[in-house]
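What follows is one structure encoded as structure tokens, with my remarks underneath.
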Amino acid sequence: MNLAKGRSMLDVRGLNKVYDGSGRRVEAVRDLTFTVPAGELVCLVGPSGCGKTTLLKCMGGLLAPTGGEVLLEDRKVTGPPPGMAFVFQEYGRSLFPWMRVGENVELPLKQKRLGRERRKELVADALGSVGLADAAGAYPWQLSGGMQQRVAIARALAYEPRVLLMDEPFAAVDAQTRADLEDLVRGLWRERGITILFVTHDIDEAVYLGQRVIVLSASPTVVQEQLKVDLPDDRDQLHTRVAPRFAELRTHVYEQIQAAKRGVPRGEDPV
Amino acid sequence: MRGVLLRVGYVLALPAVLVALWWLASDGSTNVYWPPLRTILRTFPDVWTGQRLHDDLLRSVLRLLAGYATAAVAGVALGTVIGSYRRVRAVCEPVLEFLRAVPPPVLVPVIMLFAGIGDTMKIVVIASGGVWPILLNTVEGVRAVDPVMAETARSYGITGAARLRTLVLRSASPQIFAGLRQALSIGIILMVISEMFAASNGLGFAIVQFQRGFAIPDMWTGILLLGLLGFALSVVFQVVERRVLGWYHGLRATTRRS
Amino acid sequence: MKGLNTLLGTAGLAVFLALGEAVPRLGLVKADYFPPTSRIARALGTELADGAFWSALGDTLTGWAVGLAVAVGAGVAAGVVVSVVPHLRQATASTVEFLRPIPSVALIPLAILLYGTELRSVLLLVVYAAFWQVLIQVMYGVQDVDPVAEETARSYGLGAWARVRHVLWPTALPYVMTGVRLAAAVALILTITAELVIGAPGLGQQIAIAQASQAVPDMYALIVVTGLLGLVINVGARSVERRALAWHQSVRGEVAV
């Protein structure tokens, strides 16, 4: 993991998104500016309905912003860029039920026109890293929810992205599975040095996972606060979550979100 | 072992009883319209010789397949286009609803005007009767593609032909098959009546000839053969459907259980 | 949105009718085979003023309605009995699977011999074809009955009839409605077929007569009428079905077949 180089991977500049549907204008995102350096794991938290998904979809090139721009390695994002992979919250509807697990992971690689051997290698490697080496022949609906989300993560990994966008990926799985998946994401991040942008509404999850937490305001969204998580890189569910510093950070984020809900601009109290 | 025997018993018992009843009830029947089953079965190999099977049965089946395949290709292709564009769908919907509602057999006299009474007429009749259920079901299926799956495909750069092949058509396949099944029954009906209307060979033609010539046992063998054909085609269809939609039945069984 | 769709649909219909007018007028197809819309409309006007047309329409509707009613009655009764009596379902499965795909048009020669051009000829075909649609749906419906509800009813000592009435019937009703909708469409197809091929009185027979006497515009006009009839039946059956489904929040993502 190399943070020192500090080159920016993702640049969000003055992003604005207005939905204009049948005479009703809804401003989902007002004005967002932030930067993610290469290799960082950033968590975005905010009150529910604050346009997190809209933001992520604009970054992933799935939605065209109304104003501002998103740059991936200094190139403007206009459609889904090949260097980015998306993990959706609705794992059950993101995997194709008519394809086996292996085929699901392989499909984007075929689209990339990789050779057969290389595809096999990438699929096996990705499924291995999420602990599902044996599941390649199963259909997604034969697996549990947590395993399905692992498949979705494997599909993203096999795509060899430089940036991984995760949209509340663990919101629909049970608590135990969720803890396992969080550790999986941190492990993969440290192992592979991918830049990860992780959207969640869960404050604990944001603090536990992130190197940095970006707190978003209520809709129309602006950046409420950016917070460096100065916890050690070696984290585990048992000790990290009971560390005094963890409690301080989560309390701080919690207050910021409460302030965001009330519409108070940026908190001044330093941590 | 007992389970297997029981299952075989369930499958065979009632048909055996029914055939036996038919056999006994019709045995010694003097009613010309209801000849003894014994007579019908004895007549069967005499009527349906190799030559006849080739001239009538095979030709009927080939026409059916040609018309059915045309309907399937046209229905899925048009349905995919119409289903993919909201505006196109809105424009076409009332016209399609009307065309679907026209009872397909009335197409026979219309298409005879254009295509005469040859094989082309029959194939066009079968195709134009079967295309509507396939088309409308495809429209429904294509329209209902899950938005999350669509976004997944887009985010991984799966577009164009690959998107059609791996996402749209696969996701619409349960509906497409529902349409194909309806089209198959309609196709068989149209095959038979187009041959009854105007033909010099084919299963429908042969049965009507027997009836007009008062060859009642022969007519009965024709009815039996037509029944067997309908059954055989439905078995083939089911085998194909189970293969192609195996994932769908599995998925449904899983969601039902939970 | 809805207004726009209606507008687009009307436009589509207008284009369809205009094409029907233009194509034969421009000589793209022979007007003898495919008369322009206006001539079909005129022929339709003449038909509507003719008493024979109305009696034919009446005959068709009678054949359709009586056939459908018999098929629904028989299908529901048979479906419930087969599902409720133990072992009967397994015992009849193979027979149903064999008889169902037999095309009802195979019975045409038999109908001609037995009943000639009488209404009974029509009914034989209609009932045979529509019966299976209802039966199969009723059987699906009964299969869908929640075992817990069934157990509960049993534990409260409800008798067989009460169980059918309070547990089985409400669960199966939406399926029955789907069966009725499918059967209604099939019944119309077979009614018209019987009239067209056998010559039983009705719209189908009128179409055959128009064709034989080269009255092509009249033939098209009558076909339009059968289409409109089919449309009314489809839309009506669908709205009845929707009403039956509305109060029944069943989890059926299944495609109707």
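Labels for the chains are A, B and C, by order of writing; each one numbers its residues from 1.
Keep this in mind: a residue touches a chain if its C-beta (ideal position, glycine included) is under 8 Å from a C-beta of that chain, and two chains touch if they have at least 3 such contacts.
Just so we're on the same page, UniProt names per chain: B, C = Nitrate ABC transporter permease.
Treat the numbers as computed from the prediction; the structure is a model and nothing was measured.
The chain with its Cα centroid farthest from the Cα centroid of chain A is C.
Comparing each chain's Cα centroid with the centroid of every protein Cα atom identifies chain B as the most central. Chain A and chain B have centres, each the mean of its CA atoms, that are 49 Å apart.
If each chain is reduced to the centroid of its CA atoms, chain B and chain C end up 17 Å from each other. Taking each chain's centre as the mean of its C-alpha atoms, chain A lies 53 Å from chain C. Chain contacts: chain B has residues 255 touching two or more partner chains.
Of all the residues in chain B, the ones that touch chain A in their complex are 146, 148-149, 151-152, 154-158, 162, 166-167, 170-171, 173, 247-248, 250-251, 254-255.
Chain A makes touch with chain B in their complex at residues 57, 60-62, 80, 82, 84-86, 88, 90, 93-94, 96-99, 107-108, 110-112, 139, 141-142, 155, 159.
Those residues of chain B lying in contact with chain C across their complex are 10-15, 18, 33, 87, 90-95, 97-106, 108-110, 112-114, 137, 174-175, 178, 181-182, 185-186, 188-189, 192-193, 196-197, 204, 207-208, 210-211, 216, 219, 222-223, 226-227, 230-231, 233-234, 252, 255.
Those residues of chain C that touch chain B in the shared complex are 4-5, 8-13, 15-16, 29, 33-34, 87, 90-95, 98, 100-110, 112-114, 188-189, 192-193, 196-197, 204, 207-208, 211, 216, 219-220, 222-223, 226-231, 233-234, 253-257.
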